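Below is one structure, written out as structure tokens; comments come after it.
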Amino acid sequence: SFYTGSFLPHRLLSDARSNVPPSAEFVARPVGVCSMFKLPIQNSAEGLDVAFVGVPLDTGTSNRPGARFGPRHIRAESSLMRLFNPSTGADPYHSLVAADIGDVNVNLYNLKDSCRRIREAFQKIVTQGCVPLTLGGDHTITYPILQAMAEKHGPVGLVHVDAHTDTGDKALGEKIYHGTPFRRCVDEGLLDCKRVVQIGIRGSSYTQDPYKYCRDQGFRVVLAEDCWMKSLVPLMAEVRKQMGDKPVYISFDIDGIDPAYAPGTGTPEIAGLTPSQALEIIRGCQGLNIVGGDLVEVAPMYDASGNTALLGANLLFEMLCALPQVKRT
Amino acid sequence: SFYTGSFLPHRLLSDARSNVPPSAEFVARPVGVCSMFKLPIQNSAEGLDVAFVGVPLDTGTSNRPGARFGPRHIRAESSLMRLFNPSTGADPYHSLVAADIGDVNVNLYNLKDSCRRIREAFQKIVTQGCVPLTLGGDHTITYPILQAMAEKHGPVGLVHVDAHTDTGDKALGEKIYHGTPFRRCVDEGLLDCKRVVQIGIRGSSYTQDPYKYCRDQGFRVVLAEDCWMKSLVPLMAEVRKQMGDKPVYISFDIDGIDPAYAPGTGTPEIAGLTPSQALEIIRGCQGLNIVGGDLVEVAPMYDASGNTALLGANLLFEMLCALPQVKRT
Amino acid sequence: SFYTGSFLPHRLLSDARSNVPPSAEFVARPVGVCSMFKLPIQNSAEGLDVAFVGVPLDTGTSNRPGARFGPRHIRAESSLMRLFNPSTGADPYHSLVAADIGDVNVNLYNLKDSCRRIREAFQKIVTQGCVPLTLGGDHTITYPILQAMAEKHGPVGLVHVDAHTDTGDKALGEKIYHGTPFRRCVDEGLLDCKRVVQIGIRGSSYTQDPYKYCRDQGFRVVLAEDCWMKSLVPLMAEVRKQMGDKPVYISFDIDGIDPAYAPGTGTPEIAGLTPSQALEIIRGCQGLNIVGGDLVEVAPMYDASGNTALLGANLLFEMLCALPQVKRT
Amino acid sequence: SFYTGSFLPHRLLSDARSNVPPSAEFVARPVGVCSMFKLPIQNSAEGLDVAFVGVPLDTGTSNRPGARFGPRHIRAESSLMRLFNPSTGADPYHSLVAADIGDVNVNLYNLKDSCRRIREAFQKIVTQGCVPLTLGGDHTITYPILQAMAEKHGPVGLVHVDAHTDTGDKALGEKIYHGTPFRRCVDEGLLDCKRVVQIGIRGSSYTQDPYKYCRDQGFRVVLAEDCWMKSLVPLMAEVRKQMGDKPVYISFDIDGIDPAYAPGTGTPEIAGLTPSQALEIIRGCQGLNIVGGDLVEVAPMYDASGNTALLGANLLFEMLCALPQVKRT
Amino acid sequence: SFYTGSFLPHRLLSDARSNVPPSAEFVARPVGVCSMFKLPIQNSAEGLDVAFVGVPLDTGTSNRPGARFGPRHIRAESSLMRLFNPSTGADPYHSLVAADIGDVNVNLYNLKDSCRRIREAFQKIVTQGCVPLTLGGDHTITYPILQAMAEKHGPVGLVHVDAHTDTGDKALGEKIYHGTPFRRCVDEGLLDCKRVVQIGIRGSSYTQDPYKYCRDQGFRVVLAEDCWMKSLVPLMAEVRKQMGDKPVYISFDIDGIDPAYAPGTGTPEIAGLTPSQALEIIRGCQGLNIVGGDLVEVAPMYDASGNTALLGANLLFEMLCALPQVKRT
Amino acid sequence: SFYTGSFLPHRLLSDARSNVPPSAEFVARPVGVCSMFKLPIQNSAEGLDVAFVGVPLDTGTSNRPGARFGPRHIRAESSLMRLFNPSTGADPYHSLVAADIGDVNVNLYNLKDSCRRIREAFQKIVTQGCVPLTLGGDHTITYPILQAMAEKHGPVGLVHVDAHTDTGDKALGEKIYHGTPFRRCVDEGLLDCKRVVQIGIRGSSYTQDPYKYCRDQGFRVVLAEDCWMKSLVPLMAEVRKQMGDKPVYISFDIDGIDPAYAPGTGTPEIAGLTPSQALEIIRGCQGLNIVGGDLVEVAPMYDASGNTALLGANLLFEMLCALPQVKRT
């Protein structure tokens, strides 16, 4: 009658090749060390098709800190998630082998060294042929993650959901913080710029034409105001066409969603996307050659209900379900 | 210049047959022992057309507990509610006699015995010819309530708003918890299954076709994703046709609504209904032969603002206004 | 199996002359409309030895508002309190008849008119020969309460626990707010100044000798710093001598206690009294001719745990137990 | 490397006639004494085109108090706002001279005297030819503000966003509180009644036809339910026509917006406007002869995330951007 | 650079027989799946000297629920704890082999079945010769734990810290809930009653002599009021004498400590013990034949700071340090 | 009737050489832009005897971030502080000229560059002959502050209150974070090591003798456990002797105080000092040659009441009152 993250699932399975989280029919929801989705915990991505990995870094944050506790709280709230996705028919756990491989051991006192540590950690994951789904952390982390992704896959397409383009050049004299990751990626050729879409962009700005840089690179910038009260299903049909069958990375900043749904974040902007639009976006990525994804900027202390972290857990589940390897009914 | 739950209202009335809550024009909002809508408190349903009754039980909860304090906080926040419903023209307090009859004295340590206590309490209420409007409590309570309702009215039609179908068979070896009430009702023939509609259903699942059971019984399952960004007025026209003029019960799980609006609940699911849709649903029940209703799963400690409980109070006011006895302008 | 504030207690009793709250052995703690200590609710003090009465006013507050919700939350948390006081042997509910008589219907928009309303309400209570124990509200309310008390009893002795002397003369041009009640009482001769003790006084000041006024009137001012890490039992022996057998009123500002124990208050001052010292003070009043008491300045929204209100409920229970009519073992 | 509200901006400017807040590229967001939008602080409106001014009053509140801390928290969260409005092309800080002129020194203990103080303060501002943008405070404050506005401009048009019409006549015997400001304005001829629109109105009422008074005056009352799931762009085209080129005042009660987005307020009503609709309303005022505006009823303690205050800051920024003097690209 | 609960520690060690948590010098505090003290996670007690085990049950709670999330939050906050105890010189991790073995899979819907599950789980642990240190859960759980302990060790001595004696006989008709565990233990002969001490007892009661039962059994009842402002070092010298060298179990209810320090609990009582007294008690158990211990009643949602859980983690660390096997300098 | 940070004080004064905050008798507490103690704001330390300066940095934090918002919240809560200190007789504002000079513009993304910026900012302050009293920020900031202090005064004596010695050498490969400032100061000869006292030290450790380094340098380490339930007046007499008349700096980490009183901090340790002991320490520094002081590690989001920030504001007021220039009655 014990339950730990790595123990019980195996007992519930006949197929040793799968890691299937226990159902709440058999294991009470509050039970167990909090691994992602109650999956087994292992020390590396070895043998995995998908690895959930945390990057508890928030020292690239410009306003309210706290995303360092994103992975901890996303894991805790993920205990509510179940096995199947009746909306898409996805059956992820019988389709691929997933586990929680813990966190990258970031350097909280040195952002550049953290970037190195993150890059190296993701190099190992992708080398093992595993798709990383990341629990952030602030958005700085996507830069070193994409260094590793591009090293493996070449320049990647990007589905980027965010209130901000994160293409600043510098702040406070620094080139690296959560406002610059995609500028750095462009600088290093990590993105296939014609296959970059940024959705949910909004808010006041420091220049009169803040989207110029993005558009100059060839990014598609979809403003939140162009999404208000609209289904994003048509948009995603266009995005799928744009992405083709080449590698795509999904980077989802929780602040892309309106702060009513995601109050636990550091730089909220009003009048954002809804969770149903977020589902349309991720479900709309089904069929793409998704090579990785992240969910960043959950700063749980600004939402005592836990619901921002729960939203993050849901969106990571949807990314899992959208992976090309997943069987659907 | 004192005000208690049962005292002042009478002073404000000419018609002794009514219980009309005091207006904030005469009694300050924070004033008084917190009865539902500042109605008089009495010890039984005797002489009442409508009884507000609390069922402070949450030991059927699978995830976050706390709904035992739902009745307390719904009462407290209901102090903001007024007398008329200008949207529907309803004038409930001059149409019927309502009061707060306190709470069922549940057994917190024995869920089955709680069910017995609830059933017996509601048998008394319906025997007295009174319509119960219930402040939950987790959704387990609707099972014994419907035992009492069906004993009086025969199998009832059901308008069920929820993120979940609550038609599980067992969990942790038990047949009774907040995931199974409507399965138990079907088992016991309490529902007129062709007149059951479930609205707002969504979320991940433990089986690939989680709605099969419901549809096999003849329930209409309206998924949240089929409600996104839509008015539910057309749906409710269909529901009214489906329900006919036979008895209908409304069971409203606050988690049917998106957690942005109702963070204070135990098993939140993203991408739910909006409060305006909730109003469309309850207002759309006007004209039906409503014999009772409940508002369940408010767990107030996850929403320090009090607004989830206030939403619950509003929805109970709308149920009151939708009752067939209520005059409208 | 229903429970409302006024119903169940009687069922538990043989002696019709008492109001004994139900034990949690028989009625679950979360059950019932929240009356003070789960006592019956009645509309006046008629027939009562002791009346619990709320005064939900906070418009005399200089800093953080919110004490208008003190009565509501003290009542809610008082559901945890039991029947006997094993520390003092007091058996209050078999000694006197107590009930909750609701709230004074204050005028939130006019402080002076609120004072009139409070005075008149308390005049009625004391006229009926009943001891009022008041749930505040900010400390402004003690001024009109003492007007009523002195009208009945003549100038009263005062045990005043507070971080502040509340003997200012004016603020923002006004004579009435929560910083001046005891100055106004002196002005009107409501206090027997040689029998006034103020305990827990501390904090920065607007004049160099802020206690001069008090001492000039003959008040005993006991600074918090003279209480640090000391039992107050010896102090209270002196206080009892000082008070003699003439009427005494207890006015307890929750901010007398350190904000660690009572964070939910409007003008907190560091380095205050402890709850054990508070108990020593109130228990040390046993034997005195207590004619009334109040517990003020609980502003519950600054303490989401509910514990400040619970502390207030405990202190009001101790005042009840300290009344001269109460039998002890 | 110091930064205070009034110091750094000037260093960043060549044009001494402007006050331009520092960019987060040069000054970290958490840095500095919290003035509105990090603008310079000055003691009067002298030399300003626009003055941000706080009115920290909440003693006109009928339910949950706290709006006295609205100005403080709106200022704090406004540190996230930037310089340009890419949605409208507005460049406010190079178009007009704005500053934070602090707060009106209200009388917390006397609502009528507060009204006098507010009126006099705004008389000074408008006398100096400056447009006031006000950080409330509860809605009572708009009455004395409009006294000052009308003295200068004659009866003004009004774009009023709110859940409530705020046209009550009296409560608790008083003519002045946050439920009556616009009735008082009508009484005194401060409004050009044919040019008054109220948007977002909803909720239960104390009379069967609660909008009769408004319509009798000629106000246009736009119910929230007529706004659900609709763009308000067409409405605002009509409003602009209605307003013509005569003076218009914008009064924005944050409770006009749904409590999911603005939980930090005192009298929330369910099923309200969305922030995107709020933006459509304020942006739709562009082109009008706006002579002042306020954002009221932010009660920050009911939203620990700070996001209600941040929403308020955003809406004030939009008012600034909508002013006729502002250049657009 | 990954870190999971079970991975990194081993890398840091030369001695394969130890499980030593990683130092924050090498692994950042927010990093890693939250196991207790960042110890390795394993599925049974096999090979362990000490097992940390969670029992996430709270359906025996009479007032505020939530202790089901105690284990989750104690684990999360335990990430702050380090390796040595400089106050006692204890070096636990080089003295014995400890791990986190996850949670007992309780039955949330059936308290009696949960007791069976807990008893069986602890029978396995003690059979393997391992000392269990338990993360509660409400105090109900100590009854089945002591069934397992006494089966192995015979009737045990008990150091019980609590505000309550937990020796009630029944509530709401039930023999098992968090108010009765030690009565049930006496009924079944699990306690060596002459070696039972209860410390911190206080609060109002349902009978006039609430400690009679305890004293009749031979328990030593140490009231909180006899501990106020006193060191408990002398008491513990007496307790050590009383306990002798026979098996002792430590059961620590966090509500023994004052709610200022431990607001996150379900049935708080004012005027309790301090954390320094708690340390004196547990450190005073050093030298005893401790065979197990628990820390119960942490209900984390009532303390958003996380500090109640952190206090619980500290006290469990002190229990670990007090075990007889631990070497000291 | 406007009030801003810099305006009103002057009006209240006859003596132009003083900055005296306005009394709440004349200016309501919630009124005004939040400067420290409602003092005037200026852009440099020019002309000041004492400068309050914020350092909103928290990227040196090992556990919970948030101290970057310490200055903002300490300023906000300082609005409750008054003018005189009746406990010590100090009259600071008529003794010296104090103002709020805003914040150091830290580099959030580069800890070393932040140290440079802080050092340079404090070099300017001390060069102007002004005593800095600093609002932190995490404890990292004391290292560059002491670089500036020692440059001016030579190696300084140190009264350091903290749960931690903050004399670590490295963490995560870095020499600079909030665990190392005093080691770095020793390395650079900034401290007069024979005149260093550390008070309140406690908690688990990563080595068996964690105080060895401090004692080897000649520091006096006063453990919290040696302070439990004791007055620190005798200790401070010894400290004054130890410090002599040479320059002394006070560095006060709020976590030196027990988390019950100061929950809003990042690395809380149980069983700490009390606020009364904190007052004894700072008041005990009266008579010393205090050349500066700081109050660090207030992370306000973990204490929604605001009381940790208020405690910080009180302690800074006490530091101000303890300065040698201050006249006392």
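Should a chain be cited, it is by its letter among A, B, C, D, E and F, assigned in written order, with residues numbered from 1 in that chain.
Going forward, a contact is a pair of C-beta atoms (placed from the backbone, for glycine too) under 8 Å apart; a residue touches a chain by one contact, two chains touch by 3 or more.
Since this is a predicted model, take the numbers as computed values, not measurements.
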item	value
Shared interface numbering between subunit D and subunit C [over half = same, under half = different]	same
Distance-maximising chain from subunit D - centres being C-alpha averages	E
Comparison of A-E and A-D (more C-beta pairs in contact)	A-E
Distance from subunit C to subunit A - Cα centre to Cα centre, in angstrom	54
Computed distance of Cα centres, subunit F from subunit E, in Å	38
Length of the line joining the C-alpha centres of subunit B and subunit E, rounded to whole Å	40
Of all residues in subunit D, the ones touching two or more other chains	26, 28, 30, 62, 64, 68-69, 107-108, 171-172, 229, 258, 260-261, 301-302, 304
Every chain pair in contact, whichever chains are involved	A-B, A-D, A-E, A-F, B-C, B-D, B-E, C-D, C-E, C-F, D-F, E-F
Footprint of subunit C on subunit E - complex, ascending	62-64, 168, 170-172, 202-211, 223, 225, 228-229, 258-261, 263-264, 267-268, 270-271, 302-304
Subunit B - residues contacting subunit C, complex	1-8, 26-28, 30-35, 41-44, 53-54, 56, 68-69, 71-72, 75-76, 100-108, 117, 120-121, 301, 304
Residues of subunit E defined as touching subunit F within the complex	23-26, 28-30, 79-87, 89, 91, 229-231, 258, 260-261, 274-276, 278-279, 304-307, 310-311, 314, 317, 329
Complex contact set, residues of subunit F against subunit A	58-62, 64-66, 68-69, 107-111, 113, 171-174, 176-177, 301-302
